[in-house]
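Chain naming follows the written order as A, B and C, and within any one chain the residues start at number 1.
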């Protein structure tokens, strides 16, 4: 299933009050690939990302039109339980936000929410998730210390481990490296490369080099429109649209 | 703050003297009660029930009544107060007219003097619901009085929880209630506890409303239907009817010490909040 | 450098057969859960506030209004003949008594409170400001019956010996009440002063004004609405106070002639007579409470509305 389309969006439009933040976005996101969304701030890339797990609904005065399909099922269908959707589509935010609990409890938070009570099962999930997030070696013997004491980079990887622990299929990342130093960033990028074997990843980034390094597909957003969407190599080497070329060559920011 | 002319010097003196005056008032009141009251305090005073209308014996039944009423009122007010705070902060949309009305009501309720609550408790709980002068009537009345404090402090604590916690929890597939119960409430617990401690202080000191709703029986209250006299009401009766000044000082001493302890814990939990925000 | 990701969360095999595929997607469908129920319970607890205020208003008015109608608003409010046993229910003396004690207490507590608030916000070193804040919290926490007790055994004898009379007086009430409303005034006024933007202060200082000139000409005017709120809420607190006042003011039902005369407030009237009142007498006490209630709710609403207007 190399080319299975995991997420398909059709004519996505988002309005905040009267402001139209997204104009008819169509995109096919392939399974087990990394898809990067780039563009200047305010271009709608984060808004689009948040339509994929229905997190925009939390903002008052938001209107959403259009369709997003996850494995062919419309996620905006009124019969869809948003909680179960979000279990399948995990999200990592810009600012690493660990809960004020121990490292263990942070990772076990999701599984517990979803009804796993068995201690050895939880131990197993926590260990696997921390290993998958490349955090086990550093933190494996400090599971009970408060998560807030970790460094920013570690916190962001803990957040990823926390997402992995609920066994999602898709991981959305909203500028996950923007608050991190270069070393933590490169560790995170390495991790993304490993994770895509098992997960479908959509990452919003304002860093074009990062998009070029980690992604297989890239979408360029501008003023709420998806200007160009292509394989990353193609988009960066042979952009079709003039605006894309201007952006990636740094002619406007 | 260089006082370089006589006007500035006078102003500086007035400011410092005003502050000193207030400290002196407080020190005077507390010092006086403690010095005059400590000689009345012994184990018997605390453990023995009053006899001869309080002229002799201790004040054990009034201590039990105070605790009983406080506990009962918290049992009623804490779930409702915390529940409303959660509703107002997490569920009601900000432009919701209902939420604005509740907030306005809460502010109004906080400003109503205790004698009015006493009148209401008397006509509603004691007479209309036929609960009589009892622990039950008293604690329901007290619960209404402390409701605004608990709700307001809980609201402040909940709204100080970082917004990201909610996003992250929901994005992990937690439901709204799971997010509230497992992340938001634990994070705002110190603030809610502060509200509870402040309410205990209010309950311990309350007099006017309780005279009208819990009565002033000196017996040991067993069931919630029994009437009761709290320490504060006891102090009032001892003084107003000139029963025993010595015992009045002892009672006032215990009340003031209790209030100081409560105040200490309220500050402790406030500074814990300040720390967790950092 | 190939790392094997040790995780059994691999899902690709689950998509191999169409049936398994559908099963997973069906799992996304809603089931009825407890969420709605919980939200309803929380909504009801918030609604309890409205219920309570409605009940308070309803029951107190239901008791008070018929009596006022029977006596006549005029005779009830503006007649100072209060002899419940003879069916005379005029609360004018008590109404005037409440206002007299309240305003006399404000006469000294308001200036002292505002000065202290300015001191805490602008002048005191932060450590002292913090400690003063804690002491004032403690002052606010001392129960009114303890204030009344202190007033009766310290202030009243002092007045009796120094100024004459029997000591139970407007003055004793004003002193004790003033102490009791200080925390309200100080806390609210201090918050208002602290909320004045730093730039106002800096630009005044930059113009060569001294610190005190800045306080008087810039900071206090900028914090004016908050300070007024502090005063109004302090007044509400004073007029509603019961136990301390009843213990030190002598409680005679005549209009006080001077600050050494005894006086009875509306609140004292209720607490003194409620224990044995029945019938019309009891209703008249509820009517007294109703007057107090209307007075205080109006004060509070005024503050709330003007605060809301100030914020916009």
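Everything below uses one rule, namely that a residue touches a chain if its C-beta (ideal position, glycine included) is under 8 Å from a C-beta of that chain, and two chains touch if they have at least 3 such contacts.
Computed from a predicted model, the values in this text were never measured in an experiment.
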Chain whose mean Cα position lies farthest from chain B: A
Among all chain pairs, the one with the most C-beta contacts: B-C
Centre-to-centre distance between chain C and chain B (centres being mean Cα positions), rounded to whole Å: 14
Inter-centroid spacing, chain C versus chain A (mean Cα positions, whole Å): 50
Contacts with 2+ other chains: residues of chain A: 84-85, 88
Overlap residues in chain B, where contacts from two or more other chains coincide: 175
Complex interface listing, chain C residues touching chain B: 33-35, 38-39, 41-43, 45-50, 52-53, 55-56, 59-60, 63, 112, 115-116, 118-120, 123-124, 128, 132, 134-139, 141-150, 152-154, 179, 182, 186, 210-212, 233, 236-237, 239-243, 246-247, 267, 270-271, 274-275, 285-286, 289, 292-293, 296-297, 299-301, 304
Residues of chain A defined as touching chain B within the complex: 53, 55, 58, 60, 83-88, 90-91, 93, 95, 97, 99-101, 109-110, 112-114, 159, 162-163, 166, 172
Of chain B, residues touching chain C in the complex: 1, 7-8, 11-12, 14-16, 18-19, 21-23, 25-26, 29-30, 32-33, 79-81, 83-84, 86-88, 91-92, 98-99, 101-102, 104-109, 111-120, 122-124, 128, 144, 147, 151, 175-177, 201, 204-208, 211-212, 232-233, 235-236, 239-240, 245, 248, 252, 255-256, 259-260, 262-263, 266-267
Residue ranges of chain B touching chain A (in the complex, touch as defined): 93-95, 162, 164-175, 178, 182-183, 186-187, 276
